[in-house]
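Each of the next two complexes has subunit A plus one other chain: subunit B in the first, subunit C in the second.
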Partner chain A sequence: MSESDSIFRHARYVVAENPVTGMAFGLFILIALCALIGPYIVPYDPLASDTTATLHAPSWHHWFGTDQLGRDIFSRVIAATRLDFVIAITSVVLVFAMGGLAGISAGFFLGWTDRIVGRISDTIMAFPLFVLAMGIVAALGNTVTNIVIATAIINFPLYVRVARAEANVRREAGFVQAARLSGNGEFRILLAHILPNIMPIMMVQISLTMGYAILNAAGLSFIGLGVRPPTPEWGIMVAEGAANIISGEWWIALFPGAALMLAVFTFNLLGDGLRDLVDPQRRT
Partner chain B sequence: MGKLLLKRMLLVIPNLIGVIIVTFLLTRALPGDPAAYFAGPAAGKEAIEQIRIKLGLDKPLIVQFGRYVADLAHGNLGNSLSTGQPVLTELKNRLPASAELTLFGLILSILIAVPLGILAAVKQGSWIDHICRVVATAGVSLPVFFTGLLLVYVFYFKLGWSPAPLGRLDAFATAPPQVSGFYLIDSLLARNPETFRASLSQLLLPGFTLGIFSLAPITRMTRASMLAVLASDFVRTARASGLNDRTVIITYAFRNAMLPVVTTLGMVFSFLLGANVLVEKVFAWPGIGSYAVEALITSDFAPVQGFVLTMAILYVVLNLIIDILYGVIDPRVRLEG
Partner chain C sequence: MAKKTRTAAKIDRSAASTLPLLDIRDLTVEFATRRGAVRAVQHVSLSVAKGETLAIVGESGSGKSVTSYAVMRILDRAGRIAQGSVMFSGLDLRGVPESEMRDLRGREMSMIFQSPRLALNPIRKVGRQIEDVLLQHSQVDSDAVGERAIETLEQVRIARPRERYHAYPFELSGGMCQRVVIALALACRPQLLIADEPTTGLDVTTQKAVMDLVVELTRERGMSTILITHDLGLAAAYCDRVVVMEKGLIVETASSATIFKRPSHQYTRKLMRATPRPGVSLRDLLPEGETARPKAAAKTPARKTKAGGTPLLVVEKLVKEYPRQGGARSLFKIFGPKPPKELETFRAVDGISFSIAHGESVGLVGESGCGKSTTSMMVMRLIDKSSGLIMFDGEDIGEIPARKFATLPFRKRIQMVFQDPTDSLNPRFTAVRAIADPLLQLGGISRREVRTRCEELATQVGLPLNLLDRFPHQLSGGQKARVGIARAIALKPDLVILDEPTAALDVSVQAVVLNLLQDLKDSLGMSYLFVSHDLNVVRLLCDRVIVMQTGQIVEQGPTKRVMDEPQADYTRDLLSAIPHPPL
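== the complex of A and B ==
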């Protein structure tokens, strides 16, 4: 039986055993689709205001209702998927590159590298993470790029910890000694032998932190950082609808908030599912 | 015990140094020229140069850092540009509001999460266990500002049970004379049940919002550590000796299971202090979080830096307290010290 065949069978086994993972995967595809083609299929222009249709409750014409400027909330929620998705993915990829590399170097070389990386991690962990993110965005400037950077920085210690532990376990593994004996340099062993080996575990970590990254970015834009109106983004849309909650127009904040929740929920479930898939103890 | 305390306190120092270095770097990483920023848009080249010398920005970075630390030692966090007030005074005035909210939320959360986690562990696989799992998964997916708005909609707009989400007291009530800064405690000290009720009703919704947010990690940890303890030898021995369930669960298992839960409180505080900012914004709570958010929007940096530093120091101190608490609960830690 080929390698990919067995992975596929195992995936099917995991999904069959835990239907929630299957559901999460379906939701993930839906979110990814919204991010890809969402802006082209929405019924209204997410930026176009219509003064004749302000604050309409959800109806057949406006599934999620309209906001105080008469913009269609359904279109805005769908169109916002791309921005939220891109923020989360780029920050996670960034922290994977920074934290992952720092972590495996620390776990593999130990000594000074380990001490320096550990100190940086500890210093970041000494802050309440969301507060640190606020401070970073305030200092670097109020842009979407800096939200991505801040989100990456506060996730740095998590990635370092996982990568360090995994690399450290494999330091003297047979395949590493074999690679060393065949004359590979230390850096080559690190990048070509150890890194690919810990990739599956890092993928689980990525999926688990995606949800947190989205929450964090939405929280920052909720308090007015990064994304600026009228750009559709879930956090800022909830903030825009916040004032209308006390006068009873619930739909403006509810739908973007629910979308946000669904996305985070999906990534968390997917992370758990991926862990089942990767975790050797659950493999049969 | 004293020796252990001292040792643990010494461990705080590198953390504090790290925090101060990071906040210093954040003040110096401001986009553009800080001197031009502080001089204002109308200032000419000469005025900017003067400000630069006045602020010491012409000196090398290490000298600037020394000055920054000296300022901190004197409690000088700079002045807010928009209000002209010293940042430290404002933070001090607003800290009790934030502290009251955060602690209230944490206590609510512990009161719900610990019994829930214990029940879930004792009756593993029952409906209560399933509720526990749902709470734990949903709790980490809920954006805290969104929960807050939902609660406002249901309990203020729909049911009318709760007062308008606008601060610590409604406009007609007067604050109790300040003793601790916590309205609940101060109104009790002043023997003023009306103010106590008013401030409690304002506190309930934001408190629950924070509580729901921290429910997940505490429930999950309680359940896991309770399960581990219940499976251990000494619990089996206690059961075999014929002790009843109550004694076994409460006296034997619960006390030991609380140790890991106390350690997770550190992480819970990290989440709570961040979520606090969002909740304060939703409920117009006059704490340090909303102070920082207002300053952020007007690009007023000194309050934001002061806020980040205060929160970080608070967090370091909280972690220290948790560690000390751990030593108080667990005699083994004391022996090792």
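== the complex of A and C ==
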């Protein structure tokens, strides 16, 4: 009857109870596998061009066809998973740490902390977010790190608002008062008592922004910022393929676009399942 | 009992006069859960005659509310009526389509819910909400509806109804809100009123006013009423007949006069014993046979009254002021002339003085808003005072800011048991972690010893050890209360503030918890400051009582003297508002 055992049983229950959650978890595992071992199992080198086989339609040899340089699109779509996945996860972790902490501090301490954090997020929200991300990457330089930072910054206000609201309703709760009586300092109360309680709602937020972060990274690459060719990345691939759609080579843009859609879709569905998983109220 | 014929009424109100208004036969309600179907109500049969007032009494989980939801057909999605029939004026409610049911609810039968604030739409004027009901059931023309709404408010004794018509629920007190809810329920003159714990969370004097109003209005109109309550005293004082339910079954049905004189079922007797009332001791509340618990009092208290006559806690001229809400930052205030200083603040606690001796338990009594919670929070050092003196064991702790107090050694010596056991436990902490929290922060014992100490404490408060690894939502109300008590006594404090520790508990659980508190006090030699609005409970546990009203102490003295010969008018009002069952 160990703790991990009961968590596993609970996970199985959550997945079994809601087939959509089950499907989302399945897709997530697939994407994670592609990110981990994808580059080693793909049939062709994603970077190798083959001038004898340019712009081939999908066939038995090239499942998703080839592009104008004769590179295998299937291999490139699979290999791109890792980069997009890493960008999404690191930016979400970063924004969760920054926005989540700033938000709960603002909601718990109120006063000046609240005013400063609130005005910072207001300032960020005053810009069109994608344009702000473009500006940040253009100013800081065209690297993956800067894409991650830009994505984290534009999501900052979303995390602040959710965390602030959730921390604020709990700041006068009985268990917070009880924690004070038990000799917990204010920071300990914040981190050990309030933070775990707002994790379920933050999980949903994390999952939703994961999808958004992937879209944002792909969007930046699409307009030529961030990841540079020939690195396989969904956004660049869609951009490269877009020019060929008119002449009838639809597969170059379609398959990376579909992969992008599937990933975003998965993360959006995953949110509810994750919340059920981390919420102790759902454990019986 | 003049019956009015109404053209729109689908139910013939005259033909069925010989039949009971509501006749429930063999009702079984099932809920689908993770572990299969659970029967919340089993084979319940009861009937309500025209003009009769029936009480359904039971503790939480007895199925009393579910029965009434089944009548109104407002069970949540997991619940369904598995068996039985519900006849209302000769109409089987199980077969009525939902659209007609919607029409019946509010017009023929209506309900008053437990929390008046939750039952009202917070962003709609109360007058408008009454109009909504009237218009929904096409009771009046839309041009006359405003007048009717005001008339309805007047009937529930709301002073200045024309002004209150424009009030939002948050501008009204709890008692006022409940009156509005009653007005809503009675607006269409229904034949049946179901009141589900209508006075829980209201003060005793407000409870009396609300119940008097309900009974008077329903009698006037010849309506039938079902009162759902956990309070036998309330049920017997206001109802003709009482139905007692336990675990989904009806165990006894009798007239309220006989049920107190000759309760026939064992459960009814247990419930009656557990109800605090004048002339009984704490031990009398426990069921027969359990009274002979090991006398912890026999042991010599761990800490005897030391230092002679110096009291443990002395509070002198304590004041807490809050800035008045609203206005303070409006443009008018900024640019206009400054109002006099005293108008800007509101005194929640207005210069009170009292003391608590070592090993003494003192009751702090008053209605909501009288400042008793603010006082306890100041003594607890969770909020700062405005002025005055708080001396604890000879040291002025009032001077230490509340923010710093949490990590000082003094913290160990003043602890608290909170009002709502659910709210005061971190939902993400298991019971053992909740109890261990003060030990780890202030107890100065190693992590290895903590578990042993927690188990000792659990045994002391009577919490089974196998429950220690559960989360709060997996514990019952009584078990959660025990966890809260174990946490409060973990550091062996000198003073424990009990903030209505049993308000959220059933009477039988309350009886056990009160006895537990008494035993713990006897064996550990603690002092209690017992904050409550329930004089009957205070009578059982406290040596002395302080009665507060609007931030000031109106009376204080030995419990027996204050209860039997109250000096202040306010104390007399409080005492007379307690429902007295016909004995």
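Here, the second predicted complex is superposed on the first by the 253 of 284 C-alpha atoms of A that agree within 3 Å, B and C clash if a C-alpha of one lies under 4 Å from a C-alpha of the other, contacts with A are read in each partner's own complex, and residues count from 1 in each chain.
The criterion applied here is as follows: a contact is a pair of C-beta atoms (placed from the backbone, for glycine too) under 8 Å apart; a residue touches a chain by one contact, two chains touch by 3 or more.
Everything numeric here is computed off the predicted structure, so don't read it as measured data.
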### Task
Answer with clash or fit: subunit B and subunit C placed together on subunit A by superposition.
fit
### Message
I'd like to know which partner A:238 touches here: subunit B for first, subunit C for second, both or neither.
### Response
first
### Query
Once the shared chain is lined up, is A:51 touching subunit B (first), subunit C (second), both, or neither of them?
neither
### Message
By the touch definition at the top of the document, which applies to A:175: first (subunit B), second (subunit C), both, or neither?
### Response
second
### Message
With both structures fitted on chain A, tell me whether subunit B or subunit C touches more of subunit A's residues.
### Response
B
### Query
Looking at the superposed set of three chains, what is the minimum CA distance between subunit B and subunit C in Å?
5
### Query
What residues of subunit A sit close enough to touch subunit B in their complex?
119, 122-123, 126-136, 138-142, 211, 215, 218-219, 222-225, 235, 238-239, 241-242, 245-248, 250, 253-254, 257, 260-261, 264-265, 268-269
### Query
Inside the complex, what are the residues of subunit B that reach subunit A?
14-15, 18-19, 21-23, 26-27, 29-31, 137-138, 140-146, 149-150, 152-153, 156-157, 164-165, 269-275, 277-278, 281-282, 292-293, 296-297, 299, 301, 304-305, 307-308, 311-312, 315-316
### Query
In the complex of these two chains, what residues of subunit A are touching subunit C?
173-175, 177-186, 188, 193, 196-197, 280-281, 283-284
## Note on the structure
In their shared complex, subunit A is touched by residues of subunit C numbered 34, 380, 382, 403, 406-407, 411-412, 415-416, 418-420, 423-429, 434, 437-438, 441-442, 471, 473-474, 484, 487-488
